[in-house]
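Multiple structures are listed underneath, in structure tokens.
Common to both upcoming complexes is chain A, partnered first by chain B, then by chain C.
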Partner chain A sequence: MRNKLACLALLVMIAGVLGGCWSRKEMSELAIVLGAGVDSAPGGQVRLTLQLARTSAFMAGGDGGGGKEPSTWVISDTGETIADVQRKLSAKISRHIYWAHDVILVFGEEAARGGIRKYTNFFSRELQPRETMWVMVARGEAKDILETGSELERTSAQDIGFLARARTGFSVIFKDFIIMLASKGGNPIATMVEIVDRGVISGDIAKDKPTKRKGVALTGTAVFDDDKLVGWLNMTETRGLLWLKGEVLKGVITFPSLTEPGRELSVNIIRGQTEVEPQYDGESVRFYVNIEVEGDLIEQQSVHESVLEEHERNGMEKEMAREIEGKARLALDKAQGEYGLDIFDFGEAFRRKYPREWEKLKDRWNEVFSGAGVEFAVDSHIRRSGLQGRRTSVPE
Partner chain B sequence: MLEGGKINTRQAIALMVTMVLPTAFLFVTSVTGHLAKQDGWISLLLSIFTALLIGWVAVNLSLRFPGKTLFQYVELILGRWLGKFVAFLYVLWYIHINALIIREYGSFLVAAFMPETPISVFMLLILAISAYAVRNGLEVFTRVNEIIFPLILVTVIVTSALATPEMDLKRLQPVFVENGPVPILKAAFMPAAWMSEIVMLAVLSPYLTQIKDGYKIAATSTLITGTFLIISFVGGIATFGPEVIGGWLFPALNSVRVIHLANFLERLEVTVMVVWVAGALVKISVFYWAAVLGSAQWLELKDYRPLVLPVGIILFATSIMLHDSILDLFVFLGTAWPPFALTTFQGGFLLLLLAAAIIRGKVGKRK
Partner chain C sequence: MARFVKPLRARQFGRGQSNAGHSGVEEQPKENDYSSQDLQSLDLSADLQTNLGQIKAILSECSDVIYREFDFAQDDRIKLAIIYVDGLASKSQNSDQIMRALMLDAPLVEERVEFTRERAFTLIKKKLLTVHQLDETNSLGGVIDAVLSGDTVLLVDGHTFALINGTRGWEGRKVEESQTEIVVRGPREAFVETLRVNTSLIRRKIHNPNLKIEMMKLGQVTRTEVALAYIKGIVNDKLIAEVKERLERINVDSILETGYIEELIEDNPRSPFPTVFHTERPDKVAAQLLEGRAAILVDGTPYVMTVPFLFIESLQFPEDYYERSLVSSAARLVRLFALLISLLAPSVYVAIITFHQEMLPTSLLLSLAAQREAVPLPAIVEVYAMEIAFEILREAGIRLPRQVGQAVSIVGALIIGEAAVRAGLVAPGTVILVALTGIASFTYSYSSSLSIRLLRFPIMALAATLGLYGVICGVLTILVHLSTLRSFGTPYLFPVAPLSPGGQKDVAIRAPWWAMSRRPRLVGMNNLRREAAGLKPKPPPTRGKQ
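Coming up: the complex of A and B.
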């Protein structure tokens, strides 16, 4: 009898625990943050903008374009710190603000110019925001970026997240951004986002005209001096930056034909690798950049040359290498000349090879970097050529 | 006999690994990384070496007194009164260290997963389960550990493997020259304090089926633990770099959080929680068992089970009273604890006991 009573008491106690936990959060009680924007506000304050998912709109349509309801809600407020604004916002948002699904973190241009370190801490200290969210700097205000919509995705935050993931430009997750912020051997860079024309959505001809759309595009790279935004790289320079940083490379290289002036060839990059080798003789610093790249020929405007001929292919490969070096030089010249900032982590490469010398140079590294000579050795290969070996549209 | 269970060599190795790894895995990387930066793995190698030495001392001592635990043979070495006193200190030690472990356990869950839940809820629940395990004896929680042990190893291996796209081994360079020997030595204290928990073998040895395998158990389990700590550390540095890692409280958690593969394999940090809860259960049970067994032997009781509840209450109260917050706990574990543990109960004292045993020529009766 006593045992049975004890068992019963235990069961009742277990039932109490099994019911759930303290920090239980139901889906229907959450305001899911998809994108966050940080701008500076007058008086040294911060403006936080949140793009929240309207979950009811997500549930409505089974197929992609099903829901007629808008799927996001963008709301912002100002305060002393991010947490302070979050508290203020929670007076306007009926649900618990939930950060764990935040895809992008956008900093406004002005906030970034004033120093970004002031704003980053919340996102590493708080439990919910991920180290994997994409970090971007808006040309203009971050708020405007988050207020856009998307033509293909449910929300613009997801849209921008996919753009970043495709890595056509330079994209960086929060983790790698804070590593750059903490490192002395290189200055941080982040994706630059801008609102641009994004085509038209074709309407029902009988009723309305096609509507012109504005949306967000990744348009280059934001360049920081320590934690302050100082300038931008455009998309072409960004391609060069990617070669120099040895980032994951995707995309197309277009270069002129050697034999037929005015005609261009395009190669789709399959694999690329960059090694940076510093050299220091006690006075001057030199860098040797070795780039290895493989790609597939996907378009050829010239008509007479063919990748099947070895000497012609070698010519194309040389031209391709020259094109890559040209792009890289473009980014390098801008970094060394215009900004005087090491944004390629060359300092880290130097530190690894010459740790003792680094101690002496690190405090004036950007200056040393700007004066450093850089030599390129690009080894490029065309491995495949799509479904064609030579062009057939030329009458013999 | 107070404890009737017997465990074989393989079980003992697994138990000794689970007894060290879960908390070390979470707490050591941050401090080691903060002090020794990218050279922390050298500190870990040093601490493995230290732990092997301490393990050797503990086993050597125990082999001189087969069938007796640490709490019993100190009396044979030091005489009844002094021996009783030292045995009592060891019982207190096992309560103290376990209170710390329980606090670490609760602190991590509250800090990283459920900030609104009172810490005492986690501590009370794990203590209740541990108390049940201890009542059932050594063999029972050893067998439970045979399920948990592979789970821990596999989780650590799989999550490390999945995080490799985020890793850059270049972040481990340059080796040695930047930091020099002093920070590396300083950073070795904390992992050494963790791995030298292997002195538990001095309590465990009478319950081994193959008592002669003591050295093998100490060495193998220390090497396994050390290897996994190095994997975890190197992974952490390669993921975050030496500057960022010292800022995280639990780098092992962040290393798992950064996993994002193909847009669907992500948010795996719950695996860290599984490893933590399961591993901590075994770890707390082992130390709980040692404290209870020690008290029973010290009081020369016939059965240790009546002591499970009182010791548990003391453990709970102590773990709450010891520190104000996780910040206090963290500073304590990173600064005061390692030298204290290594010079006294987890090293220094054993060395003195061994020296005394050799000088006084005391050897227990052979079976």
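Coming up: the complex of A and C.
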């Protein structure tokens, strides 16, 4: 009995220690990383850039002078590995480098062209960085992206994070990105980010002259061959890519009017679904892509047709379907023709349907994909007309 | 030995001898030290002066005892004396109903009745005294007990019995609105310090012969009256037997409040949680009795205890049952949530901001970090300091005289809240948290909140050393402890653990009255059904139909 009690007490004590929560760290001892950038440096080295939050600038309102103080500190250094740079950086940063709130991970163009696998290991092995951070590739250097500011958010990293989350283009989190890197049924793609004009800031703060702003924007998609960056898709092609991947289907489709040339209509997408059906007869591979989409009419430049008339609406829907197919073709042609890479995960669809044949084809899949025929069947519907049925600004 | 006696005034005449000397304390009377107990065995003598002498010896140096000797109206040979305590006995009753009756009005009845010294006692008792309540005793102890309880004792020369006139009438607080348990809808009255008034308040709610109120006296020195109330037929007889057994075990010199008894009868004396409930609301006690509980009333305190006490009662308030079910259920949930906040909020806060910063959304982390930027102390020290400051303020708030109340609240709110933040000693978030925790702890039963507030501190220490893991450990320990507790044999967490599906109607929600047709299973098991079936109101059949 006494032995049993002793054992129990011991177990309880061990359990207490095994909790592994001894890493107490006060909040004011943290250097919170909001954005990280990886560039290649001369001599095969890596340059790591960190965007750190200057927490004292985040005081809400009142006397804290919130917003007036610069809110970020961007610092970089070079080294052999990312961990090596981190160690060097901690000699310059007075607090613990805290990765858990890293919002974005940006790879510089040059680093990406040289092969990205070299750099990703730290972020998946280390405990703190999250697998939900957004992965992007900069047009140019990652460092420049992190050195920008934001007009609406406190930091550019958060700004970019919100942009990625809005999914106007293709966005990918770190976990999905490394899964893509590891998969053979498709090639990795990531968000493309570059520095663009972002309007002017005017009003009280700018006092005299409105200041022109440079800032970041998500402008397309970076395409990788295995782990090496090979090219880009612009925004239009990215929309086509999204249709083909059957990912987030929101946004607006704009297509020309059938009856009134030069006038356009816009439909807001409510629901959409993409199914990819591979077919293999032993020689050639074909893909049947079925897209179903529903949307609401939100703008109409044409004046004589009405979404309320069934035959006219059918015409609009057909035109809308043609537009979607056109965009998808654009992305497909670029992938099949220019890059010769399956970036749509068609390989995965093929593997699921023909697992045995996949074993034979997987090593030359990109080649097979490039030669495959793709047929589209787009079924589109306009469900609602907004607040107006007919145009009211047109005399009867 | 404490004994249960049926009516309050019936002092177990004739049982004095058989009951004397049972307890160890009573068997060691010192020389010339008349403790009230051993007097039960001393009989009154037939001689008035001997009796008075003895009584005066016992009550020597008791300046508040009044002796009034007088003669019977018609016959000077019949000597009488009344003895009472000044301030306890009603003087008007004494002069009108006893002295006036015997000294002046006696001749009115005398014509028809032959008056002799031998028959004096019976005649006085049957014909002359006009007091409402009359008992007799033949023991010295009975006399002393009666006098000290506020009754007036009438001694008749030549008789070995004394008459006890029910003349209790001392200054007491009137029945007032409850100060500590306030409701918006429902009866306002609260118990007072006088036991008789309190039992009448309960009786007024339950007009039923099955409402039994048994009396006993506890406390060797104070001889405090204690009543045990229950409803026969609803209460479990074993519970009553158990309560009586535990009460009879009590052998202390004084009972000044129900709390004395509570600590002597509770199931787990080392637990931080109360297993006996107390309230000052008669409606609450009536409801408890109707569910099959027993109530213990003590003279001299407005607080009445009820047993068994289940933890869930901390969240149940009389108003829940007076307001409509939906509203009450929402209030219940708020209280449940507040209970969790008052126990866990500071520790979860400390755990998250010192161990698990990754759990916060980025923007929240940044604004919290900004607040903490200026604070020189570690989070745990800061939270401990603020919690202790709050406890000090709360304690001061209860003790301080009403006149300085405002000063303290201003200083408390300003210094602790505003100035500490401005001086950069404390983060604003911590102040918000501590204030919320403090306020949340007042939403549920006061006695449970005392325990919960106490437990908050060790959990905070766990949170500061082990993070959320420590908080979970603390919560589990508390849960395990709670589930081992019993209150007079009833599991403390009933009806949640052990689970009683029917009991859930009165836990997180309060079901409508037409749905709560049964009493809580383990409490009212003797008589479960409390209302007829099919009470749910239905609209009348459509009138237009023919």
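Assorted remarks:
The criterion applied here is as follows: the second predicted complex is superposed on the first by the 362 of 396 C-alpha atoms of A that agree within 3 Å, B and C clash if a C-alpha of one lies under 4 Å from a C-alpha of the other, contacts with A are read in each partner's own complex, and residues count from 1 in each chain.
Rule of thumb we're sticking to: contacts are C-beta pairs under 8 Å (C-beta built on N, C-alpha and C of every residue); 3 or more make two chains touch, one makes a residue touch a chain.
All of these numbers come straight from a predicted model, not from anything done at the bench.
In the superposed pair of complexes, A:167 makes contact with neither chain B nor chain C.
Touch criterion met: A:58 reaches chain C, while chain B stays clear of it. In the superposition on chain A, A:130 contacts both chain B and chain C.
Once chain A of one complex is fitted onto chain A of the other, the partner contacts of A:178 are limited to chain B, with no touch recorded for chain C.
Of the two partner chains placed around the shared chain by superposition, chain B is the only one that A:356 touches, whereas chain C remains out of contact. Looking at the shared chain after the overlay, A:154 reaches chain C, while chain B stays out of its contact range. In the superposed model, A:30 lies in contact with chain C only, and not with chain B. The partner that reaches more residues of chain A, of the two candidates chain B and chain C, is C. Counting contacts as defined above, chain A residues 21, 23, 100, 130 meet chain B in one complex and chain C in the other.
The residues of chain B lying in touch with chain A in their complex are 112-118, 121, 125, 166, 170, 173-174, 177-178, 239-241, 243-244, 247, 254, 257-258, 260, 263, 266-267.
Residue ranges of chain C in contact with chain A, taken from their complex: 353-355, 357-358, 362-363, 365-375, 378-379, 464-470, 473.
For chain A in complex with chain B, the residues that touch the partner chain are 17, 21-23, 100, 124, 127, 130-132, 165, 173, 175, 178-179, 182-183, 348, 351-353, 355-356. Touching chain C in their complex are the following residues of chain A: 16, 19-21, 23-28, 30, 32, 34, 53, 55-60, 64, 66, 98, 100-101, 103, 128, 130, 154, 158, 161.
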